[in-house]
Amino acid sequence: MSTPTTAPPKLDLDPQVVRTARRLAALAAEPVVRLARSNSTVSVERSVLRLAGITGADGEGIPWANRLVEAVRDSVGLQSGVALPVWDALAGGEYADLTALAQQASAGGVAFRLPTGPAADRARRTSRDAVGVGIARIDTNRRTRDRLRERLGDPPTPWVYLIVATGDIYEDIPQAQAAARGGADVVAVIRSTGQSLLDYVPEGATREGYAGTYATQENFRLMRAALDEVSAELGRYVRLTNYASGLCMPEIATLAGLERLDMMLNDCMYGIIFRDINPQRTFIDQRFSRQIHARAGIVINTGEDNYLTTADAVDAAHTVVVSQLLNERFAHEAGLADDQVGLGHAFEINPEIPESFRLELAHALLVRELFPAAPLKYMPPTKHMTGNVFGGYLLDAFFNLAGVLTGQGIILVGMMTEGIVTPFLSDRDLALENVGYVRRAAGHLAEDFHPPRDGFIASRARRVLSESVELLGRIAADGLLPAIADGTFGITRRPASGGKGLDGVVAHAEDYYNPATDILEEVQ
Amino acid sequence: MSTPEPQRHVRAYGDTTGDGMVQLSFTLPIPNDARAEGAAAQLAKKMGIDPAMVVHAKAMGPHFTFFVVYGRSAVVVDLAEVRVVDREYPLLSAADVNLAVRSRLKRKLVVLGACIGTDAHTVGIDAILNVKGFAGEKGLEYYRELRVVNLGAQVLVADLVARARAEQADAVLVSQVVTQKDAHLANTRELRDAFAAAWPDRAARPLLVVGGPRFDPAMTGELGVDRIFGKGTSPPEVASFLVHALLPPVAAGQLPAVPTRAAAVARMPA
Amino acid sequence: MSTPTTAPPKLDLDPQVVRTARRLAALAAEPVVRLARSNSTVSVERSVLRLAGITGADGEGIPWANRLVEAVRDSVGLQSGVALPVWDALAGGEYADLTALAQQASAGGVAFRLPTGPAADRARRTSRDAVGVGIARIDTNRRTRDRLRERLGDPPTPWVYLIVATGDIYEDIPQAQAAARGGADVVAVIRSTGQSLLDYVPEGATREGYAGTYATQENFRLMRAALDEVSAELGRYVRLTNYASGLCMPEIATLAGLERLDMMLNDCMYGIIFRDINPQRTFIDQRFSRQIHARAGIVINTGEDNYLTTADAVDAAHTVVVSQLLNERFAHEAGLADDQVGLGHAFEINPEIPESFRLELAHALLVRELFPAAPLKYMPPTKHMTGNVFGGYLLDAFFNLAGVLTGQGIILVGMMTEGIVTPFLSDRDLALENVGYVRRAAGHLAEDFHPPRDGFIASRARRVLSESVELLGRIAADGLLPAIADGTFGITRRPASGGKGLDGVVAHAEDYYNPATDILEEVQ
Amino acid sequence: MSTPEPQRHVRAYGDTTGDGMVQLSFTLPIPNDARAEGAAAQLAKKMGIDPAMVVHAKAMGPHFTFFVVYGRSAVVVDLAEVRVVDREYPLLSAADVNLAVRSRLKRKLVVLGACIGTDAHTVGIDAILNVKGFAGEKGLEYYRELRVVNLGAQVLVADLVARARAEQADAVLVSQVVTQKDAHLANTRELRDAFAAAWPDRAARPLLVVGGPRFDPAMTGELGVDRIFGKGTSPPEVASFLVHALLPPVAAGQLPAVPTRAAAVARMPA
């Protein structure tokens, strides 16, 4: 993020308490990091193949990446990684490329083996070279983005983030362009409802999503090109966002890097809690995906805002902060820089309660000052949005004002039809008018905003922080997986061995080799 | 002057009885040029708004224009024509529900809940089922005589059928929140068909109840389910309906040991 | 007003400059006060008759009060006031009462004379007694209001002020009651477009106004009764407002006192500028009407907000302040207490300009701190309200927020249809939801609002104040009437001898007697 | 996918071409009881919205309910049917207007302006007439060859007729902003009748131009005036129209000394 927050702190948080919070978060994260370092998943392995250039799908739409990983798994297993057997098989020169190999393999025509000695050395070397091509493309994309940002310029914060969600990439494109012309700095294409539970990434341009559009490499490409076009027209680099989330988190991160997406929704626990994906699977996947994001210069957006749709935004305020500290820790461990960690939070307090706006300011300011270098992603009201679109428009305005007053990095502008339908074109335009007015009219109102030291706002912020430290202490002592099983986040219980996708997890054998992590961890 | 007792025939009301005033907004896929306001006025007039004032026209890029219209709608609402899905059964307390089940069913009533299709919105079904409940009313799990199995989200219809059979479910409660492209209607029809196929004897199949904020409770016939609950449903309404639909009425002196679904089926549209 | 502003000042205005401003305002007002003390008008004289109990109208709907004043004027003239000839005529006992006398007089059947000596003494005494009955009723109403306020309680400030404007008193009543139930603390019944230029007050309950309902004694009575009913139901005294403005300003003030209205729009210059009423007529009328308001415990609301509909709200900000200082001066001179002087101002800055909201805050805070004891009436955006009702709803919310942040006494909540139609029932309800949310959610946000001493807001406020002092200096030197003629207020030029109603002005003769002012000035 | 070139037939657009989605809000004079949403849905359906989702219902006291509805409108707009009041004359600069008047009329053109009835909104007519103008464009007083007499607000029609005669006005410009109970239409008809009575020879009567934010410029025929200007009118549009309507076209070589109104009248609907 180019515009770090420089405003002097207003809350006067105790640095000692803040340090304790971070120390406890690291402690709580540690066992999970160990887990992620010593296990792989089918999606991590497929990512390796994708970086090496595998593309396409079979007649049923199942990608060759999936077919090849399945074939390897069925014959020699995945405990050593997919690279060793695959590049060993390729070494014979029988197969034109990875895709050809995959086609043969899925027809049952390839006898994989786990190479050892020089054969293994060679497989490691050649796979590393092949994956290096993909990484090089990611690096090029990163440089291109930097160049475009420099040439076109970055907008001032808070960046305005808008979603499109028609289900049809060809409807999405004009809507995204219209949004950019109307003032959006970031455009997110929401995914079709079912995608996160697919254990493969669909192929090609798609037109049939429900409440969102499939994340595919081709859709990414089409949309990034459309936004490049409009960026040039507007003289402002418009960012593209998608979701590295669900069962294919690592692969989608990879495709994002390959197609120059700019920001990705990517959370260490969202899939567990809101998609009932197995916790171990998620933690392993998120680490790899974050290593890719780190390399690609992609800003991640975490999903703490979602907790407040199932839990109460006042009672559960501290769970948001705890999750942010964990997300930050996992992000740092995977190599993301502070300015790539777009922690999420939200304006979800019941508008019927007294002083609700000041409570929101307290929470937003706490997050701002706890993570001064993070490009915070601030989410609008959703839960308390009803069919009263006028009232909704008003609530969104106060959200926008809270964003401006507390120096948020990215604000996802709310839609007045949130309680009704996925947004209409006009909702988005009205939302842009709303945030445009608030930003222009309030201007530097933050200069006049000074919550007194012992006033309502500062006291509330301190209280949320101390509740967070307390909860982190308990998690550090009892373990993060048990805490999740216990319903700590989003009041949803998710046991460590429940949920979808555990069968896609493989413990590393001693000779496990992953050319991608090999490269990614090297440069760190 | 406004009459305290509404007439049978009423019009929309701006600030005077009978003025018919309404507010309308929409987008047209046309540029905001000289023709735009005329096009918007035409749309409004074809909807019966006359006179129609196009009070706002805003270009959204070169190909779309947003409009706000105010005007007088010719429509007269006939209140006598309004179909209301009345609650034709009494609202029972948890104690009464428990008593009814215990005394008339003589075993626990089994309720299976799920979100089907790709819908992952569980807050609504949880509000009905979980102890925590909704708006101060405890959910069905709190009712001692109900056995609740909540399968959560994104459940396949085939799995739901299998589970309903395995649990010997009396009622299956399904939530649908995502409505884009009428997904909720398509999924409900799939549900109906699968259950009809699995229980060709309609009287034997579990009661099918669907719910979600955008359902029209009057569509039971069309969708082939036993009951539809809309936005703001409270758990006792659902529990009371289950008692009403699944337990035969207490005939004087006679308490059937096993419920027949005949009563419920008889009430259904054909 | 029961809840004076106790918040510590935030602007640090120079008390020396403030004193200078008030001194110059008094200087500028002085010649006009002299004018008002030495002249009367037909409406002032009709008010005397109304206080003495005259009611009803002839077949053409012209009130007997008008007929009698005309008759006196035609026979002996009005230079000595209407009381002397009228009560002299009544002394004979020929006429049952004032109304009977008026009927005869308008048929040409009464020979008036200007009594002198003991006859004059008697006329003075009897007229004073007769007018005393009206004043006593006003006093009783004031006590009733005090009792009801005490019993039912006063709402916290800012009071929410809503208008009804159907044109039909019987549509107005349910709408006003609905507004009160929805949260309105003050209900204003807007007048029909043409009434201000009528030189008589219509009679009876009326149903045929354009864009407003006629102000009549009977309409006042009906509406006050309806609000008493709803006040009892709600346990909160709901205030009623109307307009003591236009050619019948003194009489409407009188009727307001007689029917226990609570607040009245009443400005020293509005009629001149926005209705093209003669300046001299207006200044004379406003003094008498304010004496009545003072006695009746009625809060007046001045009309400076209107200037910003014809002039630019930034360029002309100081003209608002100058007018407020003049209105305050005239109000004090007429006997109004500080807590009866509801000075008007408005949120009318072009929402397209940067920092518009902070400019509004600067203006609103300046007015608040310049008049700490006044129950300020803060008006919502009107000029920049368009057909975009969503945008309008948003602008109204920021107005409401400005009201809460700067401690305004009364906020007239805006209607999203301001740019389109007189409000629908639903507009009012939505407006109440809007202000309800803002008050509840922002709560005591004013505690966190501290514009820095040399920041944008404080500098702007100081600048407006100094421009005001400068303008007042010029007016004090050159005269208020020439300044008005010159287009100083609302960029509308109104020469001292132009406009409507000058023919209704009469200079006092030496024996001029007005039993009402006699009583009203006595108690001061 | 949205087509850059709009079709002749278009529907309202929510987020997909052809989806027909509109938003509607209104009040019904009925309590917010069980029947209320059904009544609202009926109104929407009778306006051709189907399916109609009643997404919000709010009681406003015991006798009224406010509704918000979203749904699909069946209406297809035929863009070929849209009547556009095109500016059939060129937009002239102040210099061109002055030149035209000087060269073709050979005297100043007299314009009388007023708000009639009880309307006191002068900002609109002032924007057209005063030097200050509107949106950066100077008003008609700035044009050297126009003599502008602005009578201000609340002018009686009879006085306006008298003054038009006294000033020998070429054009009378009237503003109407208050539209409650269609006051602007009633006042315009009164204006037309009074001028028709005072100038039985239509060619002799001054040009009648009315304006205001809620006028429909297509209603000239109905209201019997020569031109109607709506919201956002700029002074040059008006000045150019006066030149166009009052000055005969420059026939090659021939410049009539006195304007006839015949040309203008001929263009008017009968």
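Just so it is clear, A, B, C and D label the chains in written order, and each chain counts residues from 1 on its own.
Here is the rule we go by: a residue touches a chain if its C-beta (ideal position, glycine included) is under 8 Å from a C-beta of that chain, and two chains touch if they have at least 3 such contacts.
Quick caveat, the model's predicted, so the values are computed rather than measured.
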Looking only at C-beta pairs in contact, point me to the busier pair out of C-D and A-D. C-D
Based on mean C-alpha positions, I'd like to know which chain lies farthest from subunit D. A
So what's the Cα centroid distance for subunit A and subunit B, whole Å? 35
Between subunit A and subunit C, the Cα-mean centres are separated in Å by 60
Based only on mean CA positions, could you tell me how far subunit A sits from subunit D in angstrom? 53
Residues of subunit B that touch at least two other chains are 2, 13-14, 17, 21, 23, 25-27, 53, 58, 63-64, 214
Scan subunit C for residues touching two or more other chains and write them down. 174, 388-389, 419-422, 424-425, 430
Per the touch rule above, subunit B residues touching subunit D in the complex are 2-4, 6, 10, 12-14, 17, 21-31, 34-35, 38-39, 42-43, 46-49, 51, 53, 62-64, 73, 75, 77-79, 81-84, 86, 214, 216
Residue positions on subunit C within touch of subunit B in the complex are 165-166, 168, 170-171, 173-175, 386-389, 417, 419-425
Give every residue of subunit A touching subunit B within the complex, in rising order. 167, 174, 177-178, 181-182, 192-194, 197, 210-211, 274-276, 309-310, 420-422, 424-426, 429-430
Inside the complex, what are the residues of subunit D that reach subunit C? 25-27, 58, 60-61, 63-64, 66, 117-120, 122-123, 152-154, 178-181, 183, 213-214
Within their complex, subunit D touches subunit A through residues 1-2, 13-17, 21, 23, 53-56, 58, 68, 70
